[in-house]
Amino acid sequence: MPIVTIELLEGRNIEQKREIAKKITEVFTEVIKVNPETVQIIFHNMKKEDYALGGKLFIDKA
Amino acid sequence: MPIVTIELLEGRNIEQKREIAKKITEVFTEVIKVNPETVQIIFHNMKKEDYALGGKLFIDKA
Amino acid sequence: MPIVTIELLEGRNIEQKREIAKKITEVFTEVIKVNPETVQIIFHNMKKEDYALGGKLFIDKA
Amino acid sequence: MPIVTIELLEGRNIEQKREIAKKITEVFTEVIKVNPETVQIIFHNMKKEDYALGGKLFIDKA
Amino acid sequence: MPIVTIELLEGRNIEQKREIAKKITEVFTEVIKVNPETVQIIFHNMKKEDYALGGKLFIDKA
Amino acid sequence: MPIVTIELLEGRNIEQKREIAKKITEVFTEVIKVNPETVQIIFHNMKKEDYALGGKLFIDKA
């Protein structure tokens, strides 16, 4: 049942997402003893023009 | 005012989204008597590499 | 797998949530033929001071 | 620390996002005195087939 | 139609939310010329035990 | 910059959240080499009447 949504900048490859999904699922099974089959992970891949920090889009950062 | 966000795997066509939007709006007007013009629905279409269940990306499921 | 998040003003009772959950699940099983056991629905209940439309908090609407 | 997610119809250009990000960050530094470097803004760009109001997808509106 | 969700630490008062809602709505009407009546803002108020930065809950920060 | 939102049933204590936050942050620093100070985690704690699976609220499950 934990539903985990991850906003991250685009450019991560499938191997990295695979590893993140596997390891985050393990965190939940270890810490709160849930059935791994209930852990869900969603990646939202942001373009650099769609994320701003400090009032500045990432596309504008050096 | 209900704002409904739907995360689902990509591949649904417009006709299916049209029907889902229409029917979910009816659910809210029936059950909580809201004005249908206040019901909003947003679809987020996930790629199979962006959704994991049980620690495994959907792209890796047989 | 559809994960449905519903932002709505607080004050809906359990019977209304029960009915919304049941009927929205039926919409997905009818329209996209998913297994009902994969349909998940999350309610976020907003206070009237936490929702604004037209620049005005709901708590300030007559 | 405020994390601001904006769902809007696609078609806004980078200049508009740049201005929105800058001005919303200013709102938070003025009103709640946060360090601007902690203000984060995420844009989710919706296609017209992915947003419905009043039971109707935007792609179907005249 | 912009739907703006703001995750921020709890403790902001209604006057601050009122001002944030008003000013963010103005940003959208100025920059993308939308009808202010379509701008929606949702506040999610996080407890200090529900937000972590750098691997540490805010409740544990000095 | 990864912003991780976790929807889970209420009832987890601070010690469990502390451990989840610490370990998920480590996953990101290991797999995608981000600065841990950019990893943010938000917990949304759902009541049993606010989460449904298979058309049934959790409060109604035996």
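Labels for the chains are A, B, C, D, E and F, by order of writing; each one numbers its residues from 1.
Here is the rule we use: contacts are C-beta pairs under 8 Å (C-beta built on N, C-alpha and C of every residue); 3 or more make two chains touch, one makes a residue touch a chain.
Being a predicted model, the structure only gives us computed values, none of them experimental.
J.: Out of curiosity, which chains are bumping into both chain C and chain F?
T.: Looking at chain F and chain C together, the chains touching each of them are A, E.
J.: In terms of touching chains, how many steps apart are chain D and chain F, taking the shortest path?
T.: The least step count works out to 1.
J.: So which of D-F, C-F or A-C matches A-D, with over half of the contact pairs the same residue numbers?
T.: So the equivalent interface, with over half the same contact pairs, is C-F.
J.: Over half shared numbers or under half: where do the identical copies chain E and chain F land at their interface, same or different?
T.: different
J.: On Cα atoms, by how many degrees is chain C rotated relative to chain D, nearest 5?
T.: Result for this pair is 180 degrees.
J.: Weigh B-D against A-C on C-beta contact pairs and write down the one with more.
T.: It is B-D, judged by the count of C-beta pairs in contact.
J.: Could you state the distance in Å from the CA-based centre of chain A to that of chain B?
T.: It comes to 20 Å between the two C-alpha centres.
J.: Report the inter-chain centroid distance for chain D and chain E in whole angstrom, where each centroid is the mean of the CA atoms.
T.: 12
J.: Going through chain C residue by residue, note those that touch at least 2 other chains and give them in order.
T.: 3, 7, 40, 42, 44, 51, 53
J.: Would you please name all pairs of chains that touch?
T.: Pairs of chains that touch one another: A-B, A-C, A-D, A-F, B-C, B-D, B-E, C-E, C-F, D-E, D-F, E-F.
J.: Please name which positions on chain D make contact with chain F in the complex.
T.: Result: residues 3, 40, 42 of chain D touch chain F.
J.: Of all residues in chain D, which touch chain E in the complex?
T.: 1-9, 12, 16, 19-20, 23-24, 27-28, 30-32, 51, 53
J.: Taking the complex as given, what residues does chain B use to touch chain A?
T.: Per the touch definition, chain B meets chain A at residues 7, 44, 46, 49-57, 59-60.
J.: In their complex, what parts of chain A are in touch with chain B?
T.: These residues of chain A touch chain B: 5, 14, 17-18, 21-22, 25-26, 36-37, 39-45.
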